Structure formats: structure tokens, C-alpha cells
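One chain, chain A, links the two complexes that follow: it is found with chain B in the first and with chain C in the second.
And now, the complex of A and B:
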């Protein structure tokens, strides 16, 4: 059974911080289909449209009937562990620094045989396991077999933790803790075992309900932070930047206008200033230190979370300028993801549908509750995905967008405003 | 029932050559292959201008293939082949070359295999070995063949009750055989206790289960018996050969190789049985695959390998001499030359040219090849039965 993770000792400042290394990242283009699924938290394999055979490793043609019509379909991952090994030697630095490393060969119930990382709680072969596709530190999909049934402390498994961004014993910055979501997130992250949560707030004169309650938690440290103020962001990064393991950017300046309903650009500029330039300011000041701490022991810098919106994918005209600012943030987050990739720091983008808050008051339900969204963000950190679509509306719009983005554009334009 | 395959008639194999192995080299693959060809021509007396056939195997020749080598070495050929089949390349080269000579497409085919080994070339070769390996194996721990064979070994042990002592007996015997073989890189005597207590590499594999990569080359020549006799060369005949690729794809994990599919045909064409084989060279980068060959090539039944190992001794003077030059586990694995090593040793034993210990009265020899862990298993298998001059039909 996995031994529960212990609080790491204080870092010895005399010792050199280990330079981040990554598992091998090269993949054929067809295998990036596996990554596309894992990025959304799904284990998808190619299935032959003509004969139904499930394929793995990914390939260009069906190995049974030679059809080239292979579709990525979700699999449940149930499998039989056939054999296993523990590596004590590796040819790559990443694993050389992490051996012993447990691997297995698993026969998936859906057909193929897969080489997998093996969770420490999996019983010796032959045994039943569940195979999951997660992103590894290189950002590529990798398969890990976990026990058939959950075990105590299984998230603390040393190998699994190399593929997740679990907040346990990590230090977390939440950039805007004044919103309902920000507050729920502070509580959820503390409950997830974080060592310390910096709860950022701007506009100290503005009282929001519940915010004062955060101060009673000894794990929480309130932090003045205005993302629209470059100087303030720089100063804050100078103070805490070298200790932030997980940064959750909850900036969400949200007004309800399209183009014709309001004169001038001031509202749109304010949205951009928080939602887009806020991210840019944070990235310029906090990303360099996180990049340097990608392999800093058990509680290394590990993740950067952006609160985007399902409207990032396709404009919702009643909230038109807001959608545009979130689309800009999405684009910038891809740049940030590329720049943090060499350190193994994962950029997780969260695309909720309308949050049940005052700025979506006029929208009909369903809307996602802040507490639910917060718990989905914690789940994302504990999981192996990088694009998260929490709630029914987000899932529905994602399905529509993947199926036919032009149809979704028309559907959004026709929605009542 | 497929048509009866033609015999190899008077096609013979001669001139076993080894370019001495070294752990690391700053030379390119061309250097080792040129050395092999030079020695082959000197030994046979075939002049470079008269050589009309060449068969090449190498992992580290890139960006060249066999074609580039013709210009690099100044050869004008009318028959050329490049066999990227790793541990099966020796057997496959022999098959291709023999039919070329038999049909008259070439008078003589020089078969050469070799690789260099820079300090980082092994890792780079692993990382890009195949599409499936790059996509679905190497990112998982980057253990290379050690990990792949650890899976097979663990499964085999669990299924057939093999013990570390069974595998150790093969490794220890090969190390004993290597003592007198001049080109073996690993000559430190090995006891079973040392084998069993060596450090773990990929559980259950320990240090002495794992082949050591090195640089070097091996070669032989295929020509007609009359030409060999005119040149005064000792030779061996080819009784039969087999090859198979991606056998038993539905086995969830590899516990047998393609030999099991073709073994009957191998013996039927040769007109001999397993009991007639005086000396055997298995492909032995890891002992579990030697064990499978003992079974799949008919020396014992499936699952009886461990018992067969305990009942026999495998040194040159043993009850069943195997890998009499020490095999790859003691000589080293010089890339594609690992697919030649066993075959070259069998030619030596059958032509009275053993460099180390000679098997007494060796008349029938078998060499076996196994190659290319493309994903979760070795895909290529092959074997050849050769006969000493006096035992040819």
C-alpha cells in the first residue's frame, strides 16, 4: 500500500536546485491522437470503422483488415496485468533520477497489449488493473495502470505524482480570492492538503461577502495583488515568486455587452486588462521562477491554472467583448504552455460554462456553482489532463464545437440575449 | 501444403571473419564494415574487383545504406542487399545470398554486419528504434531491451517455473566458453553465485542477464563449392534455413518465437533431427530467449527448457555445446554483428577453424537468429542448419 506522503523538510538553501529533465517527448503525429484525448482526461484509442478492432500502439491502418479509417474512441481501460518489471537502470536522465521505476505489460479487455507505468498498489501479475491515459511531465500522453479498486493514499504514489499536479504539501497562489469562485477555491485547495495558500485580492476598499472568513484559516495568507498594475505584480513576484508551486489565475473581469450595446472601448479595455494583460503580467513575472523549479524536490513547481471560459472557443455575442478577452487569454496560454513545457510545469486551462454569479444572473440555468467549479479544478490538478471543461454546459458546447464549430457559431448567435 | 522448397545444392559458406570487438569506438560503422570486407577478401583470395555480391547489415551506417557503402568502398556489384533485421540478419543474409549464388545472379556474396558504438549511440538508437518503440515503449522508463526482456522473463518464469539458477547456468557456461575465445570482451570468470547476486537492472534481470553493447563486425562469404575448392577454402554446406516475421501476433506476451512455426520444416529439409545437432548457436542477448530457442527449435518441449538446462551442460566439452565463443553475453553485442556472431562461430566449428574451444567431431551445426523488438516482442526469427564438408549430401 502507498505510504502517505510526508510533509517535506525545509529546503536546504545551500544545495543546488535540480535542473528539470523530461521523459522522452518525441511521438509520431498519429500518436498525438492519444495526447489529444489525455489532454481532456480521456483514454482514447483508435477503433477501426470497418471491422471494429481496437488498435494500440497508434497506427495508420487497421492491423486486421488494413482499413485506414480509424477513429479515436474512449475506452474504459479495464485490463489484465500480464507481466511487470522494476527498472533500476535507465538510459534517460529523467528516469535515471527516479529509479526504481515500476512498469507493466497489460492486456486491455478491448484487445490490445500496452506497456504501462505501474502504480505501486497494483498487485503482482497476473492481476486486474485499470489503465488510464494521462499527460506526463513532457506533456505527452502516457498510460499508467492503477489498481482495480482504489487504495488508501493512492494519489501519493511516487510515480503517479510525477504525472499529476496534486496540491498536497504544495504552495498555491490564487490570484483573485474575492470572487465566490476564488473563495471556494481557497477552501478546496486548503482541504486538498496544500501547505500554504496565498489568497490574492485587489480593491481592498470593496467588501465582498465571505472574504473575511478566509483570514481565519492558518493555511491562508492574504496578499494584495492587482493584476492590472504591472508594478504590483512584479513586486509580489519578487516576494513570493520563488515559492509558488501552483499558480491559479482566477482573474475574471466580466461585463455583459456585445458591440452595439455600448459606446467606446473602456469596458472592453478593462476586460482585456484583467483577463488578457493580467495573464501576461503574471506570466512575465512568475513563470521564470517556476521554470527554474520544475524539479525542486517532492513539492516542485508543477502547474499553472487559467480560468478561461467556454466562450474562449466561440464568441457568445451577448457577452461579446468578454468572450474576446477570454479568447485572447486562451491564445496567450498556449504560448505560456510552450514556454513552461521544458520545465515540466503543466498549464491547465479551465473552460467553464457560465458561472452562477452576478454577471451571469440573466442567463437561464444550468450554470455551474462556484463550489463545484472549485472542486473540478482540484480534481484537474490531481488528474492528468490540461484542458478541463467542467459542468454540463461546457461539456455540451465542447461537443458541439468539436462536431461543427460553424454550427456552434450560428447557435450562439441565435441564443436569446 | 506449400510446394517443396529447393535444396541449396552446392552453395557453401566460408571464411568466418570477426573484426575485434571494442566497448566504445570513435570510428564510424563504415570503418568496421570495411575491416570486415578487407579481411574477408584477404582470407578468400577473391579480389575486390571480382566480388560481385554484397549483403550489409548495420544500425549505425545512417545516413548511408548498402548503396552508399558501394561508393565509399569502391565496389562495383551486380547484386546488393541491405538487411535491417537486427539479430536475425545473419540467417536472412545467408538465405538471400545462397539463393543469389545458386541462381547465378552473383558468383560470390560477401555478407558483412557491423556497427560502431559511440558513448551515446546506444541511447540514441534506442530512442528512435522504431515508430512503436518511440511512441509506446521508450517514453516508459527508457529501459530499452532490458525492460522488454524483463517482461518476457518474468512471464516465462511464472508460467513455466523457470528459476534464476536455470538462466544462470546458461550464462555461466557461456562465460566459461569465452575464456579461450580471443575476441570476447567479457572474460572475467563468472560463478553462479556471482550471477545470482549481481545488481538488479530490470527485475528479474540482473547484470549478467544483459548483453553489453559494443563496436565490431562479423562476416562470411557465400559461393559455390567448386569455387571454394579452387580457392582452397574450408567450407560448410547449407542443409536448410527458415525465417519468419511477426509470428503468433495473438499471443498476448511472447513466450515462443517464429521457430515454433517452422521448426518441422527446418529439420525435414535438412534431413536431420534435433538429436543430430552437434553444436548450437542461439541468439542470446538475454538468457530467456536462449531458453525459448531450445524449446522452439525442438531440443525439448515448450516449458521443458528449464529441465533441459539442468540435465545438460553447455560448455564446449559439455553434453550440448551452445554458444561456444561465449555468445553475445560474453563476447558483446556489436549491433547488427550480434546477428552474425553465432552463425560465424558455427562456420568456424564446422570447418575446423575454432578460435577458442573446438567441439569434438562437430558435423552438424545450427545457428539461430532473433531480432527487432519493434514494440513488445521480437519480430524476426530464423535458423540455419549447416553441415561440415564430409556431412554434406
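And now, the complex of A and C:
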């Protein structure tokens, strides 16, 4: 059984902060297929369309019949652990700093045999395990075997925690805590064991129901923060930037206009200012300290979460300018991901379908409830993915977009408004 | 130069005429007017560095800023309101410049506003004021002193609850009296609008905007330091930026005050900025 994680002692300020190192990051283009699945939280392997072989590691052709007709298909990861060992030495800096490190060989029920990282609670071989594809600190897919059945404190496993961004004992900034989602997220992050939550709010003179309630929690500090105000973002980063382990950008300026329904650019510019430039301002001011703290002990800087929208992928014309601002934010988040990658800080993009709030009032259900979205964001932090599509609508539109983006464009254009 | 102007300058230099700054500092922290979110919005004041003696410009520091025509201490031109849209010379670029310098009558409503945030200035109040200070001269500014500018906490300054904003302003009859009976130049206030926070519920909605601008008069909002002005005798210089077809403009509002009347404890800009910074992090 995993020993429950203890609150880390205070940092010794006379010692040098360790510089982030990464596990080996090089992958062939075909192997990046595994990363593409893991990025969405799926364990996908190549399956041969001609002979049905499931293969690992990924290759250009089927290793049995040489067919090049290979499809990436989700696998359930059920496996038998055949053998195990513990690494005591490595010339890779990342592992050298983390040995002992448990490894095993697992035979997947679907066929292949794979070398896997081994969760501490996996019973000695031979035993049943579940193999998961997760992103490691380098942002590349890696395989980890976890026990066949959940064990107490499983998430606290030292090796697993190197592949997740668990908020437990971490300090979390939520940029806009005034919305229903922001409030639900503050509570979900506190419940997940965060050490401290900064709950950002702008325009203090506009009250939102329930916001004052957040102050009753001793872990929560209210923080004036307006992402449209560059000086305020800079000042705030100066005050707390060096302590933020997880930044969750919930800023979401949402109005319901296409092009023809609104004269001028004032509304579109306000959306862009919060959703795109807000992210840029945050990234310029908060990312440097997070980059420096990617290996800062047990509670290092570990994740940056962006609340995007399924409309980032394809424009929803009734909310056309909003969609464009979220598409811009998606593009910028990829830049941020590249810039945070050397520190091992994961950028997690969240693409919900319509949230059940006042700006989606006129859309028919199903709409994702703010509390459900909050818990999905916490799950994403505890998991090994970087692109999260919470709720049925997001999943449905993702599937349609992956299948045929042009068809989805036409379908969104034809939706009632 | 005429002897009159030379004397004015000499009096300014000697302190026989003092300059009182009636302007709030343009800062991202200063709140802007709140409208229902589905409507078009006034931008708050925002400022972005272009360079600061760095790679973006090694020898100089400068910023780009953005804001609404109606952000911070600002001027309302008649074209701002639908009632004034067809008047001649109704925008910031066409108003004759002579109208930017005018005497001011300062109405002290600070006690009333302290007792009731929704205080409405009435004709009765105006007549009482005239009995003490004389008839309101034509073409003068009416400045409603409420000490609202002393509310440095933006929440208290905005004073918004579930029923909207609660700030003092004039009632409909008082506005009509000032426009029709006294031919004033305009109306100035310390709160975020010339109309009361609940002015939408008056008849017509926002009467100060409706009648003042409908008859070619002006507005000044978010003024400060009105407590340093005498009831009569000050001259206000309020020249908006020359924005083409501008409906208003942030501006520096200065009052010239004969020295004995200028209060000795004039608040410095530095001190006000400090107070605002203190209340920013609530």
C-alpha cells in the first residue's frame, strides 16, 4: 500500500533550487501516435487492418504481415506482469535523480509485450495489472502499470506522481473565481488537498452570488486580478508568482454574437482581450517563475490549465467572435506548451462544450454543469493527459471533428440559433 | 499681452489665485461605468508599455493607453445623448473653445449624500442655495459636491447592489430649472454619472443627460476636490480632447480659485494616489 503523501517540509532557502531535467524526449513520427492518444487520456495501439495484429512499439508496418494499413485503436490495457526489476543507476539525469525506480515487463491481453513503469502497489510478478499510456514530464507518452484494482492512496505513488499533476499539497492559482465554474473549481481543488488556493477576481464592485462564501475556507485567499490589466498581472506575479505550482486560467469572456448580429468590434475585442491577451499577459508574467521551479521538490511547479472551448476547434457561428477568441487562445497555448516543456510543466487545455451558465442560456441541453467541469479539471490534473474534452457534447464534437472537420463546420453552421 | 492677462499670471505665480485640480488620476484601478453586460461597454483605462529603456527602445520610456471617451474624470458633449444628436456644434471637435472656461457654482450636498446615497437634488434645494449665494449666473457650471470622490474604495464608489447603483444626482425638475430658468453651461458631479445611480427610473430616464445634452449643455463626471472650491467665485477650465465627432473625453479639469477661498489643506495628487493604492487590495 502506498504511504500517504505528507505535507512537504518548508524549502531550505540556502540550497540551490534543482534545475528541471526531463526523461528522454525523442520519438519517431510514428511513435508520436502513442503520444497523440495519451494526450487525450487514451491508451491507443496500432492495429493491423489486414491481419488484426495489435503491435507495440509502434512501427511503419505490421510486424507480422508487413501491411501499412495500421489504425490507432483504444486498448483497455489489461495485462499480466511477467517480471520486474528496480533501477538503481541511470545515466539519464532525470532517472539518475529519481532512483530507485521500479520497472516491469507486462504482456498485454491484446498481444504485445511492453516494458513499463511499475506503480509501487503492483503485486510481485506474476500478477494482473492495468497498463496506462500517460504523458511523462517530457510530454511524451510512456506506459505505466498500475494495480489491477485501486489501492488506498494510489495517487500518492512517487513514480505515478512524476507523471501526473496532482493538486495535493500544491499551491494553486485560479484566475477567475467569480464565475460558477471558478467557485466550483476553488472548492474542488481544496477538496483535492491543495495547500493553498488563490481565488482571483476582477471588478470587485460587481458581486456574483456565492463568491463571498469562498472566504470561509482557510485554504482560500481572495486575490484581486484582472487579466485585461497588464500592470495588475505583473504586480500579482511579482507578489505570488514564485509560489504558484498550478495555474488554472478560467478567464472566459463570452458573448453571443456572430458577425452580422453585432456592429463594431467592441464586444469581439473584449473577448479577445480577456481570452487571448489575458492568457498572453499571464504567460509573460507567470511562466518564467514556473519554468524555474519545475523540479522544486515534492510540490514543484507542475501544470498550467487553460479553459478553452470546443468552439476553439471549429467556429460556432452564433457565438462566432467568442469562438475566434478561443481559437486564438488555443494557438497561443501551443506556444506556451512549447516554452514550458523544458521545465516539465504541463499545459493542459480543457475544451468543454457549452457550460450551463447565463451565456449559454438559449442553447438547448445537454450543457455541462460547472461542478462537473470542475471535477473533470481536477481529474485531468490527477491524470496523464493534456487535452481534455469533458462532457458528452465535447466528446461528440471531438469525434466528429477528428472524423471530418469540414463536415463539422457545415453542421455547426446549420445549427439553430 | 494685455494688462489683464499679465495680472492673472502674476496672481497665479504669487498664489493670489490658486489652481485646484478637480481630476481623478487615470489608472486601471479606477472603476468604469457599469451597463448590463449584453450592451456595448465603456472601456476602462488600460496602459501597455511600449518600451522602458530596454530592448524595445533603449533610451526611452513610453506607453500606449486605451480607454472610453467616458473613462475617469470626463466631459460629456451634447451628442452623447440621443436628445442632443441633431444640435449644431455638439461634439468635442466642434464645441466653440470659449465654452471650455466658465465660472462655477458649487452646491454642497455632502451632508445629504452621506445620509442618503440616492439623494436627489431638488428645485427647492437650488432656491435655498440661491437665497444664500445669489442667483445662478447663466453659462456657469453647476458642480454638485457630494464628497463621493472621497470613497476611494471602488466598491463603495460604485455602490452597486441587486437593484443597481446608488449614487446621488439631480431630479428631473431641478435639471429643467437649471436648463430652462438659469441657462447653465452644464452639470458636474463627483460620482460616475451626472445622473443619479437610480436615474434610469426617473422620468424621463437619466433626466440630466436628456435635458442638458438636449439643449446643448455639457456634463462633467468623476470630479474630485470639489470640497476645496468656494460656492461661487471659482472659474473652471474643462477642455476635452479634440476628438472628431467625439461624444466626450477624459480631461484635466482645473479650477482657478481666489486665494482666501482656496482651502489651506489642499490634497496633493500623491496623497490621493497613495490612498487609492491602499484600498486597491481589499
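Heads up, the rule we're going with is that the second predicted complex is superposed on the first by the 417 of 417 C-alpha atoms of A that agree within 3 Å, B and C clash if a C-alpha of one lies under 4 Å from a C-alpha of the other, contacts with A are read in each partner's own complex, and residues count from 1 in each chain.
Definition applied: a residue touches a chain if its C-beta (ideal position, glycine included) is under 8 Å from a C-beta of that chain, and two chains touch if they have at least 3 such contacts.
Since the model is a prediction, treat every value here as computed from it, not as a measurement.
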{"item": "Partner chain in contact with A:267 - chain B first, chain C second, else both or neither", "value": "second"}
{"item": "Touched partner set for A:107, first chain B, second chain C, both or neither", "value": "first"}
{"item": "Partner chain in contact with A:255 - chain B first, chain C second, else both or neither", "value": "second"}
{"item": "Which superposed partner A:228 touches (first chain B, second chain C, both, neither)", "value": "second"}
{"item": "If touched residues of chain A are counted for chain B and for chain C, the larger one", "value": "B"}
{"item": "Touched partner set for A:205, first chain B, second chain C, both or neither", "value": "second"}
{"item": "Touched partner set for A:82, first chain B, second chain C, both or neither", "value": "first"}
{"item": "Doubly contacted residues of chain A, that is, touched by chain B and again by chain C", "value": "none"}
{"item": "Contact set on chain A toward chain B in their complex", "value": "23-28, 31, 56-58, 63, 82-92, 94-95, 101, 103-105, 107, 113-117, 125-126, 136, 138, 140, 142-143"}
{"item": "Chain A to chain C touching residues, read off their complex", "value": "203-207, 224, 226, 228-232, 255, 264, 266-267, 270"}
{"item": "Sites on chain C touched by chain A in the complex", "value": "28-29, 31, 34, 37-38, 40-41, 43-44, 46-49, 154-155, 157-161, 280-282"}
{"item": "Complex interface listing, chain B residues touching chain A", "value": "122-123, 126-128, 131-132, 134-144, 146-147, 150-152, 154-155, 158, 199-205, 249, 252-253, 375-376"}
